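Look for subunit A in each of the two complexes below; its partner is subunit B in the first and subunit C in the second.
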Partner chain A sequence: MSADTPVDAVELTSTSGASAFSPDNPAPVIEPPRARTKRTPRATRTNFELYGWLFMRLSGIVLVVLVLGHLLIQLVLDGGVSKIGFAFVAGRWANPFWQLWDLTMLWLAMLHGANGLRTVINDYAERDATRSWLKALLYTATAFTVLLGTLVIFTFDPNIQ
Partner chain B sequence: MSTATVDNNHSAALDAAESTDAHLITVTLRVRRYNPEVSDQASWVDYKLEMDPKERVLDALHKIKWEIDGTLTFRRSCAHGICGSDAMRINGRNRLACKTLLKDINPEKPITVEPIKGLAVLKDLVVDMEPFFQAYRDVMPFLITKGNEPTRERLQSSEDRERFDDTTKCILCAACTSSCPVFWNDGQYFGPAAIVNAHRFIFDSRDEAAEQRLEILNDRDGVWRCRTTFNCTDACPRGIEVTKAIQEVKRALITRRF
Partner chain C sequence: MPAGTLYRGREGMWSWVAHRVTGVLIFFFLFVHVLDTALVRVSPQDYDKVVATYKNPVVNLLEYGLVAAILFHALNGLRVIAVDFWSKGPKYQRQMLWSVVGIWIVLMAGAFYPVLQHSLRILFGS
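On to the complex of A and B.
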C-alpha cells in the first residue's frame, strides 16, 4: 500500500458544540433500551410460555377453518352482506352447531389475539408501569368481550321485542 | 529480471501492473463514530480510501486507523474469521469485517460501518459485550456429568457427535444476537448465540444436564420469545443454521413435556 495515497476524511455531522466532555468527564454510553444484568431475567419455572406458544399455533390452525368459513358464510354465499339481519342471525343460532361454531371462534380468536398482543406489549412497552397498564387494559377488554359474547350466544332470544 | 524465463517475465509484468496502482479503486467508508470523551452524540464520518477491491473491510479500517485517524476504535484479533472480535453492521447487515471483501459489497457506493445493535456503544465500533456473555454463561456452556471421572476420554459415536456438529462452530461474535429484533426490544431475551451454545451441550450424548438447560430456556426470556425471523441464520458468519438450532430446542422442550 503506497503511503502517498490521496485520502480525505469528511466530517459529516459535527459533534455537539462546545465540548463539556473530557476524559475525566465522559458522556454517558449509548445504552440500548434496557440492559440485561446478572439478576435478569427472573426465573419463573413454569411452562406458561411453552403452552402460550403451542396455543398460538393450535388455535391458529383451528381459526383458519372457523374464520375463513365464517367470512365465507357471512360475506360471500347467498347474496353476501346484504342478507345479514336479525332474522339471519336468529336462524343460524337456532342451530346448536352454529352456536358452537361461533362460541369456539369467539374464545379462540379472543384468547389468540390477546396472547398475541401480550407478546407485542412485552416487546415494545419500555417502562414497567406502562407495561402493567397496557396489560391490565388488554385483559379487561378481553374478559369483557369473551363474557359478553358468550352470554349473548347462550341467552339470545329470537322473539325479543 | 536478468534470467529471461517465461515465469519471470510474467511476474515482472504483474509487478509492473501492481506498481501502477491500476487495480486500486476509490472507496468511501462511512463510519459511525462515537467518542464519549468529546461528545454525547454519535456521527457519521466519511473516509475516502484507495483500496484493492479484493481487500476486506477490516483492511480499510486498518488503513484509516494506521494512516488517517489513529483514534478510530474497533475490536479485531485474528483477522481470519476465527476469534469473533470484529462483528459489525456493514451496509446494514451484521458481518465480520475480516471476512467481508470490498468487491462483494458494492464499493461504488459509500460503505456504511456501524457497531452491532442492541448493546451499549462504548466507543466507535466497540460495544459492551457483557449482557451478551451473561446470557451465554446463564446456559451453562460446559460439560456437566454425574458420577466418577472416567480414567480415559469420554467416547462418543460419530453419529452422536454429528448431532450437534453445527453448533460447535460458534465463535461468539454476537452477529446473530445483535441482529435479532426481539433482542433489540428489551435485551432480556437469551438470544440466538446463547441458545446455539446451549444446543451444543443439550444434544451432546456425553452431557447430563440437558434437562437443566432446557428448563432455563423454557422460561419467559428463553426460546419461546423466538419469532422465527431468520435474521440470526442470515447473519452468522460461520454458516450455522441458528434458527434451526433454536427450533430443535423448542421441539426438545415440547417432546419432553408431552
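On to the complex of A and C.
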C-alpha cells in the first residue's frame, strides 16, 4: 500500500501476504442491499408481490378462454357486431352459464388489469405523492367498475319496460 | 450480446413495450365497456342508442384494432408464462416471439372479414 492510502481502505485480494484476512484480521462485513434491518417497514414482510406475480399468470391463462370466447361471440359469430342490442343481451343473460362467464371475466379482467396498472404506476410515477394519488384513483375506479358490473348482471331485468 | 439474455433492447424489450401498451389500452376499454353495458339497467332504448355507435364503420375499425391488441397481449402473455415456467422457455423465447407474431398475423387475417362484415355490408351493399 502506498503512503496516502486511508487507514480503512479495503484490500480486495488476499494474495498480498500481510493484509490477508484471517480470524485476527477479519474481512469487513458488507450488508446485503436487501437485508432486513430494524428500519425495514413491517408491511414489506409479506409475499404480496409474489402472489401478485402468480395471479397475473393464472388469471391470464383463464382470460385467454373467457375474453377470446367473448370476442368470438360478440364480434365474429352470427353476423358480427350487427346483432347486438338489448334483446340480444336479454337472451344471453337468461342463461346462468353466460351470467357466470361474464361475472368471472369481469372480476378476473378488472383485477388483472388493475394489478398491471399498479405496476405501470410504480414504474413511471416517481414522486411519492403522485404515486399515491394515481393508485387511489385506480383503486377507486376498479372497485366502482367491478361493483357496478356485478350489480348489472345480478339485477338485469328483461322486462324493464 | 451475451446469449440467453432477455430484455436488453432487442425483441424482448419491444415485446415487453407492446405487452404493456396493449394491456393498458384494454383496461381503459373495459372501464368504458362496463359503463355502456350498465345502460341495460336504464332502458332498452338508451342501451341500443349507445350500441349503435359500436356499429359505426369507424368504430367498427377500432374494434378490429381492439381485437389486434387483445390477440397480441393474449399470445405474448402465454409466451411470458412459458418463459417463466417451462424449463426450456428462456432458451426458446425468441422463437416463441416469432411464433406469436406469425399466429397473430394469421388470426388477424382470418378476423378481417367476420369483424368488419357489418361495415363492409353498409359501405359496399349486401
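The working rule: the second predicted complex is superposed on the first by the 118 of 161 C-alpha atoms of A that agree within 3 Å, B and C clash if a C-alpha of one lies under 4 Å from a C-alpha of the other, contacts with A are read in each partner's own complex, and residues count from 1 in each chain.
Heads up, the rule we're going with is that a contact is a pair of C-beta atoms (placed from the backbone, for glycine too) under 8 Å apart; a residue touches a chain by one contact, two chains touch by 3 or more.
What you see is a predicted model; the values in this text were computed from it and never measured.
When subunit A is checked against subunit B and against subunit C, the one touching more of its residues turns out to be B. After overlaying the two complexes on the shared chain, residue contacts for A:109 are found with subunit C alone; subunit B is out of touch. After overlaying the two complexes on the shared chain, residue contacts for A:29 are found with subunit B alone; subunit C is out of touch. Touch criterion not met for A:129: it reaches neither subunit B nor subunit C. Residue contacts after overlaying the shared chain place A:82 against subunit C, while subunit B stays out of touching range.
Once chain A of one complex is fitted onto chain A of the other, the partner contacts of A:45 are limited to subunit B, with no touch recorded for subunit C. Contacts of A:37 after superposition: subunit B is touched, whereas subunit C is not reached.
In the superposed model, A:64 makes contact with subunit C only, not with subunit B. Overlap of the subunit B and subunit C contact sets on subunit A: empty, with no shared residue. Note for the complex: subunit A touches subunit C at residues 57, 60-61, 63-64, 67-68, 71, 75-77, 79-82, 84-87, 89, 106, 109-110, 113-114, 116-117, 120, 141, 145, 148-149, 151-152, 155-157, 160-161. Taken in their complex, subunit C has these residues touching subunit A: 20, 23-24, 26-27, 30-31, 34-35, 37-38, 40-41, 43-44, 47-48, 51, 54-55, 60, 63, 67, 70-71, 74, 77-78, 80-81, 84-85, 111, 114-118, 121. Across the complex, subunit A is touched by residues 21, 24, 30, 34, 36-50, 63-64, 67-69, 117-122, 128, 131, 134-135, 182, 184-188, 215-216, 218-222, 224-225, 250, 253-254, 257 of subunit B.
Residues of subunit A touching subunit B in their complex: 1-3, 5-16, 19, 21-23, 26-38, 40-45, 47-50, 52-54, 122-124, 126.
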